[in-house]
Amino acid sequence: MLVAGCRGSLLLALAALLVAALPLFASNYHLQLASTALVAAMFALSLQLLVGGAGMVSLGHAAFFGIGAYAIHLLPAGISVALTLPAAMALAAIAALAVGALSLRTRGFFFLMTTLAFGQMLFFVFHDTPLGGGKDGVFITRPALELFGLAWEIPRRQRAAAMLWINLGLLAAMYVGLALLMRTLFGRALLGIRGNEDRMRALGYDTRAVKLAAFVLAGALAGLAGHCQAMTEAFVTPEMLAWHHGAEALLMILLGGLGALHGPILGAFAYVGLGEASTLITERQRLVEGLVILAVVLALPRGLAGIGRGWRR
Amino acid sequence: MDLSGLLAQLLNGLQYGLLLFLISSGLTLIFGVMGVINLAHGSLFMIGAYAAFVITGWTGALWLALPAALAGGALFGALLERGLFRHFYRREHLDQVLLTFALILLFEEARSALLGNDFHSVAVPALLDFSVPVTPDFAYSAYRLAVLGVCVLAALLMFLGLERTRLGSAVRAAAEKPEMVELLGLDARRIHMAVFALGTALAMLAGALAAPLQSVYPNMGDGFLIISFVVVVVGGVGSVAGAFWGALLIGLVDTLGKAYLPEVAGLAVYVLMAGVLLWRPAGLFAPARG
Amino acid sequence: MTALAAEGLTRRFGGLTAVDSVSLTLSIGELHAVIGPNGAGKSTLVNLLAGELRPSAGRILLGGEDVTTWPTWRRARRGIGRSFQRTNLLRDMSAHENARLAAQAAGFGPARWLRDAGRDAASLAEAARVLERVGLLGRADAVAGTLSHGELRLLEIAMALANRPAVLLLDEPLAGMGPEESEPVGALLRDLARDHALLLIEHDMDVVFAVADRVTVMVDGRVLEHGVPTAIRASAAVRDAYLGHGA
């Protein structure tokens, strides 16, 4: 998985500026849409660490997203985001540690199935038990934006723009953080594992420890994305943990390009954009989704990032 | 603990387990032989159930739906294999996951367009709409016993087929060591189509059998899909015997759990899977790999 | 000094005994070749020594320490370098990156995870050293997927050399090489044996008898004979074994 070089990074920075400038000319509806895409990008990016980074295809990743979102619901009302955000990530990380410790005893197909099963198990916990507050989801009060004693009160009219900037900032931070991580010894080991895990073990790497660490980090980042979703929509639902949600993130990764760290970002925006555009033609969203997936899998194996370039996987 | 209640739950558990076996045996063979992850397997179950709904609606006879599900399933499976899956055997897991996920979406959309999104109940065939006295003070639904019977019959036929016929032995060998197929000069394409056809037919049969028991509704295959995966993990990939015992075990654990420990019922199965992963990650009945 | 000792190693697969009570020792400065007809259990033996397989019976001592239950990666850290019969590299990366990955395994642990990989002088130097030892330094920047077959086999060996393991397990390093390529590699092997305990699995008998200090002959999982090359060459039992199995 390649990280964008100088030119690519410049393009990404420009795109980020463009998004940041949206509140100047876009309607609230489109600002919300952009936030949706940003949160989806965060979620897909967290999964890319596993899939593109280490070759681990997990179908239970949405559970960690949902746990991060529900953290706000579970924590006492009125506390600041300075507490809810790290708490969301911590809760998601703990869940990822438990699931990962068990699932990583398997590989490939088995790993896929066990992550799927555990993810669904967590879905049922929030769907069927009082913990989740109901099958249809629950409204939450947004935590206060308070940091070190400074508080921001955001007037309703400007909320969409504020959320957009916060989400953009967090996505940018996540991307830069992961880009730097891929340059460390840990990151190189991860890529080596993706290429040939048996060889890595023969070289002396404790691959299981590395994979578990990646799994927990990815889980924590998914929790961050979930927390952002809850902040933006002020609503959480068990469907956030459903495995279909995780499969959509996989689609965004493939759509944007498995071989590039910024692939999921492209994919998320393309996916949300396509979804919006298609509502003009039909109400059958599932049909559109299914056809898009078929098109990507059959025709665009390297995703959007691979168009016009000889990216190697 | 009330004995007839226990007996009823045991029978329910066996019946659920056997239906699970029909679905997961196909899943485990398809992965064992061709290395394909088929998430759409649950949708095949759904298609079988809706087929039963439609056929019973037209003809009033559920028993016509069963051979229709079997034959239609075999044909559909062969077509799917030939037209689509054949090109995906060498693709990465990610591609297969997304492709079969797309199939789920498209099947659901087709169902929605053709038959709507409502719950529909399917009548138990009048011939079997009574209760069979099992003990002096407990009677069990005749239809459920019939389902048990059909499943056991299907399982027996499958075992005989795998043990006694040439194609069956080839499938069994291929499930344990896919490389053997080429080495022994067997016709890989025939085997692949047969496996897919068999798996699809069984899943659709299970759906048709289950229709009167649980109604037909959108996404009904999802629950069975995930549990089937648990069965495959517990039983071991490629092992039909493993799928059989794993399915029975899970069917009983789940049913008894829901009956006697409802608070943790949904989790019991996953706890079991966690246990197997800790103790025997390759599955309880995994074929010995060198 | 004995770097590696295997005592009574046995490995069963269901009803089949692939390796049966095999004992051998490897010492630094010595090139120990293991030969035998196909199916003799040589690769299984290497997998047992490397840790990919657990023995059904027997012990393995590495530098005097009992490593029988240790996983592959732990043994590799302790001092076993291994090359694979079928080239097993990261084809998307350059030769240098492959070697660097091998070098960076030393001391790899959570405390060092966040270090910048490109700036780690020690591993960069080690990567250059191993490439140079096998004569691949000139091709360091070539993507592994573009290397010739012979160069790939050399890279396999280079990876095994990283971090100076005491023991080298080389599984058919000459596989697929013609006579022109195998001669310099033979010389390389003799050179490597000077400061490693080298176990060599090979089918090319000329090379084996030219470079080996000791030879163990395996047939049907068991050690048939063991000794110096000239004795093995003269042994009637060995000849029969090969003729009988059509090696």
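In this document, chain identifiers A, B and C correspond to the written order of the chains, with residue numbering beginning at 1 in each.
Please note the rule applied: a residue touches a chain if its C-beta (ideal position, glycine included) is under 8 Å from a C-beta of that chain, and two chains touch if they have at least 3 such contacts.
All values reported here derive from a predicted model rather than from experimental measurement.
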Ask   = If you walk touching chains, what's the least steps from chain A to chain C?
value = 1
Request  = Taking the mean of all protein CA atoms as the centre, name the chain whose own CA mean is closest to it.
outcome  = A
Key: chain A and chain C: spacing of chain centres that average the CA atoms, whole Å   = 43
Query = Roughly how many whole angstrom separate the Cα centroids of chain B and chain C?
reply = 47
Remark   = In whole angstrom, the CA-centroid distance of chain A from chain B equals 33
Request  = Give the residues of chain A that touch two or more other chains, as numbers and ranges in rising order.
outcome  = none
Message = Quick check: in the complex, which residue numbers of chain A touch chain C?
response = 181, 183-189, 192, 195-196, 198-207, 209, 213, 312-313
Message = With touch defined as at the start, can you tell me which chain B residues reach chain A in the complex?
response = 31, 35, 37, 93-95, 97-99, 101-106, 108-109, 112-113, 226, 229-230, 232-233, 237, 266-267, 270, 273-274, 277-278, 281
Request  = Would you pull the chain C residues touching chain A in the complex into a rising list?
outcome  = 50, 52, 71-74, 76-77, 82, 84, 88-93, 100-102, 104-106, 108, 110, 112-118, 120, 159, 162-163
Query = Which residues of chain A touch chain B in the complex?
reply = 51, 57, 59, 102-103, 105-106, 108-110, 112-114, 116-118, 120-121, 124-125, 128, 243-244, 247, 250-251, 253-254, 258, 284, 286-287, 289-291, 293-294, 296-297, 301
